[in-house]
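Some structures are shown below for you to check.
Below, subunit A partners subunit B and then partners subunit C, in two separate complexes.
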Partner chain A sequence: MTPTMTTASKVTALRPELHGPAKLDAPRPVRTRRINREGYKINWWMTSLLLVASLTILVPLYFTISMALKSPEQAASGTGFAWPTDPHWENFAQAFELTNYPAAFMSTAFITVISVLGALAASSMVAYAIVRNWDKKFFRLSYIYFLSAMFVPFPVVILPLIKQTAMFGLDNPLGVAFIHIVGGISFNSLLFIAFLRSIPVELEEAARLDGASTWQTFRKVIFPLLAPMSATVGIFAFLGSWNDFLLPQMLIADPALQTLPVVQQLFQGQFNTNYSLAFASYLMALAPTLLVYLFAQRWIMSGVMRGAVK
Partner chain B sequence: MSASAISRRSILAAAGIAAAALALPACSNAKAGAVTTIRLQQGKPEVVDYFNGLIKDFEAKNPDIRVVQDFNGGNWVPGLIRDNPADVVTNAYSVTTADFAKKGIFANLADLPAASMADPKALELINSFGQYNGSELSALPFSLAAAGVIYNVDLFAQHNVKVPTTWSEFLAACQTFTAAGITPIYGTFKDSWTLGQPYGYVSGGTVDLADFFSRMPTTAADLKNNPDVSFTKDFKVATEKFLQVLGFMQKDAGSRAYTDGNAAFAKGGSAMYMQGPWALSELTTINPAIQLGTFPLPMSEDPSVTQAQVTLDMTFSIARSTPRMDAAKRFVSYLMEPAVVNAYNNKFSAFSPLKNAEKTTNEQVAGLQPFITDGKYYLNVTNYFPPAITLNNYFQTLALNKNTDAFLTTLDDSWHRVAARNA
Partner chain C sequence: MTAPASVRTVAPAASDTALKINHKKRKVDPTYYWMIVPVLVLFAIFSTIPALIGGFFSFTNYAGYGDWKMVGLRNFQNIFSDPEILASYAFTFFFAIVATVVVNVVALLLALGLNSKIKFKTGIRGIYFIPMVLSGLIIAYVFNYLFSNTLPGIAEALGIAPLATSILANEQWAWAAIVFVTVWQAAPGATIIYLAGLQSISEDVYEAASLDGAGPWRQLRSISLPLIAGYVVINTILGFKGYLGTYEVIVALTGGGPGTATQSVAMRIFSGFSGGDYSYQMANAIIFFIITLIISLLQLQILRRREVSL
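Presenting the complex of A and B:
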């Protein structure tokens, strides 16, 4: 008797669901309604607030798409909310031709690829050197030196930069990418430095014991560990160089090598704006950014958090 | 120890990569044969396509010259900094362009045959801003944008209003429309620059602007010798009439922008609209059926002294430093051929600045033609102000607080402030 009782009560205590299915059945439907599959409560107030907030992106995006498909007459009349009745797909073809899209796209892509790769390489190396040599005065000072660059407003240096890039034969997309990389070092290496401090030195010591050189340690151990922060830096570098207007406008001498944001000025005169062509062109320029966002969403979200806490 | 040694090596490697990157672009654009390539800096985005057509035509006639059009207006100053400015540049000629001209950035075009074809009055306007070496011609006029009061022909006919030729007729017309419940003039103060049009009309019609601004001190030394010329003295009447004109605008003018104004006027929202010819294409885009005309705002009781307002909407200059002077001059001479000038100006509702120019076939601006033909025109007052004076903001303040004296004092003060810092 007693042993059986004990066993039974023990089992009940450990696995209540084996013994009480009848009792639990009643409240369960209520619970499934409140708790979804992954086991957290849905906060409808917050969700609806977010839905409203998402309109700040969706409404302009709606305008961009609907404007891109309108004829100039449709674009100029009404409040703009109306959906184009007969979509003018030829707007895209026209904008494509007017901006010489392939050339401008290639130029922008060239700048972006070099800027992103360069920013990752240069800033991570700078950060590694500074963090691991923190005991040396030179590196501590160079850290401050790089940081201080963040306090120089860009327009202050633009004219000397134009002169310098021209002297070095860099008045072209490569020069723009180069300035992007150099200009980004202060902020990007700040991010990398904060992240690198959390990586234990012991990992490196293990690599050293196996005979790795500094370059190998960096390349094989440290750089892969920096991946989450590299995603953040890469995304910032991508957006910064893809959307940049001022630098390419000022630095690129040959109009044939001009980038998308700059050639798109074409649709906006002082007194006249060709909205339908402009928006068709903006959509085409926007597409790569949207695609990158769709693919890199996960890292962008985590990257935003990472930048927030140092 | 070893760590720092190796990192030095990696720094050297990085330097090597950077050096290679620097060397790469050097090997481009090296080809040059019998064909000379010149660059045209063209600042009006809406005519880029049209100019591509002109360039094609020019290249067909001149196979030894290739023209590249650069519509990135921001590239002009960087080009000067690089000592490689565009060979030919278009400008809406104003005090800002004249700043470059007075520093000798542009070549002297006085000996081009095109210079003798241009209307002396138009050349006089260009030269009135100051000449390099006191005698050089830095720009050739290509297009005169004449501006006046744009009016809705049907509304005028419906209410039996004739195009006013005197100031009192204009006031009467406004009162007729007000009585009929129609807004006489559509105002768009939200875009402060649009106020430059009505102010331009009233000041151009009451003050000899070219004379006034030639007397206005522009340097610290001038200021000492000649402190008596002032807006307060000469612009009082203009400013009061400006407020009178603004009184005929709709109540919510303060919250309406240029595009709102275009939409409202095109749909018959008012009888008149004070805008330049650039608005015409916007208006007909919104309402293709609208009948439009333009008349110069009469500022006195004597119709014979009424003048039209113009801007030197497009002028051509050649960079003095260009090594391709011949090609650049041939290109400018082509652009200044009467056929090219006429076709362009007809298409864009502007006027040819050539002697004995063909009359415009554009009904919308034909009302201004007699004034242009007779050389009765003046430059918009805003063209005389350096960008350091935020004139449009002052206009807006005046439109809202209606304080004439404060406005004129502000203009005098800011003009003196700018003059005092010029040597």
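Presenting the complex of A and C:
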């Protein structure tokens, strides 16, 4: 120890654990490299295995992108894996017009927004009413009624349902959103009920003492507390209604109001050979959810996980 | 404050008798009825009534339009001697069983991999969960091209004669392609449920086991697998019911063909809307409902037993 040492460094010299990481030398760094940021010893075998296996996911996506950018001639030749020789961006513009993308997008977005908002409002209110009145027969029976519907497979109701929606003038996107909301009530209320039972009733008693009505308590106290489960229900409702094919295909009478997945049928004709155009259209239909996923991945994952635990 | 205490009773059996007097007296705030009754009405209109109407028409000869009369059980009798319908049941159950097994095996392996000590954990998980947000129909269209053009092209170049024709046109093996795309689509959802299960196992258990000299294989067999057995049951039940109603992946891949080799029950039923055999397919739907109901009840029985033993 040299006499020029400052007090601070004297302290650190006496208590080595106060050293900054930069001053660690000799045998320690080996350890810090093995036990790294993740806090455990990395299994490189498993990492590489998973990276290789992830090609099953990435290859079809690469394939879609590369096909979308090819000239019709290049798309029709070879296996399709080659990267486009000169990217044909105009494929997107053509597919955009051919499928009337803006109309299909708006129709899909309309169904999705109504479905998500409706699912959140309807199932959270149903769940709240049932949980807070569990001692009343009416609410217990309603609960059983909603749950029993989970045993009825969709194909059983679809034929009469199509006739009925047409009768009510609901053979349009609004009708599809309606059926999405009704169809999701059982499962979504179940999620909300499980979550509501973990919220202590004392929280609302305070609001009640301040003179809040049932509706105000729900709106101002309970609904905000439900936010994590609302995220889960909302994500499921969003993916379910955005990607749905069956209901819009069966229900929506006017082709001009069809949704993004349904309009892709345009490219399924026996004599359609313009594959690059088809793939450009597929890519544009896949892009919205893919982009949402890229930007909100962490949030979506935690929401879905919450649904899995319940 | 006895009233709110009784409001809280969510587990009915224990306190029911003790608080019965309170229950009788307590008046339910009408707001609760406003929260649940409109949803109940919508639910009845768009779910229960169609099911009942459909059930009624299964005893008629209604073609979907025009006059009809009661024909008793004739539709049901005809179904049991209709080879095409019986074949669709055989295919649907075969497909559902194979898909359930493969999805669960893949998802379990994937969950174990993603839960292990790997580098780039978030990124790798992010890739594997992409299929969850994509439209099954469009993905199946992409795979349709891969199966019918790319794969035969590659097989031809490599000189593998049996694979040089499209698997989708192969009566014997087209189902394998449908299973593959179904697994691609459904494995991430099942994986999330398994991941949730694996993460609920405390790290201490593994530490104790490794102190006792248990290797990774032994830890997997004696800790991980037994502790997530309940999640296997959940995944099997959820998955099997979904695969029984499988529709859009088949529509996009084979359209039920070649011939009627890959036609599912749901596709047969939906054909009743345009095919003029409305009442016949309604009878089919009722039979489908009864079969799925029996399966669901059996599965619930298993689930209940499982929970007791856990």
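Quick note on the criterion: the second predicted complex is superposed on the first by the 265 of 310 C-alpha atoms of A that agree within 3 Å, B and C clash if a C-alpha of one lies under 4 Å from a C-alpha of the other, contacts with A are read in each partner's own complex, and residues count from 1 in each chain.
The rule is short, and it goes like this: contacts are C-beta pairs under 8 Å (C-beta built on N, C-alpha and C of every residue); 3 or more make two chains touch, one makes a residue touch a chain.
Because the structure is predicted, anything quoted here is derived from the model rather than measured.
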| item | value |
| --- | --- |
| Partner chain(s) touched by A:Gly80 [first = subunit B, second = subunit C, both, neither] | second |
| Which superposed partner A:Tyr293 touches (first subunit B, second subunit C, both, neither) | second |
| Partner chain(s) touched by A:Asp171 [first = subunit B, second = subunit C, both, neither] | first |
| Partner chain in contact with A:Met125 - subunit B first, subunit C second, else both or neither | both |
| Subunit B versus subunit C as contact partner of A:Asn133, first or second or both or neither | both |
| Touched partner set for A:Met250, first subunit B, second subunit C, both or neither | both |
| Which superposed partner A:Gln268 touches (first subunit B, second subunit C, both, neither) | both |
| Partner with the higher number of touched subunit A residues, subunit C or subunit B | C |
| Partner chain(s) touched by A:Val152 [first = subunit B, second = subunit C, both, neither] | second |
| Contacts of A:Gln258 with subunit B and subunit C, given as first, second, both or neither | first |
| Touching both subunit C and subunit B, counted on subunit A across the two superposed complexes | 122, 125, 129, 132-133, 136, 159, 162, 178, 213-215, 250, 267-268 |
| Residue numbers on subunit A that touch subunit B, as the complex places them | 72-73, 76-77, 98, 122, 125, 129, 132-133, 136, 159, 162-163, 166, 168-172, 174-175, 178, 213-215, 249-256, 258, 262-263, 265-274 |
| Contact set on subunit B toward subunit A in their complex | 2-4, 6-7, 9-10, 14, 18, 21-22, 24-26, 28-29, 39, 44-46, 48-49, 68-75, 78-79, 81-84, 258-259, 262-263, 276, 278-279, 281-282, 285-286, 288 |
| Residue ranges of subunit A touching subunit C (in the complex, touch as defined) | 38, 40-44, 46-47, 49-51, 53-54, 56-58, 60-61, 63-64, 67, 78-81, 122, 125-126, 128-136, 138-140, 142, 145-146, 149, 151-162, 164, 178-179, 181-183, 185, 197, 201, 205, 208, 213-215, 218, 239, 242-243, 245-246, 250, 260-261, 264, 267-268, 275, 278-279, 282, 285-286, 289-290, 292-293, 297-298, 300-301, 304-305, 308-309 |
| Footprint of subunit A on subunit C - complex, ascending | 1, 4, 6-10, 12, 16, 19, 23, 26, 28-29, 31-33, 35-36, 39-40, 42-43, 45-51, 53-54, 57, 113-114, 116-122, 124-139, 141-143, 145-146, 149-150, 153-154, 157, 184, 189, 192-193, 195-196, 200, 241, 244-245, 247-248, 251-252, 265-266, 269-270, 272-273, 278, 281-282, 285-286, 288-289, 292-293, 296 |
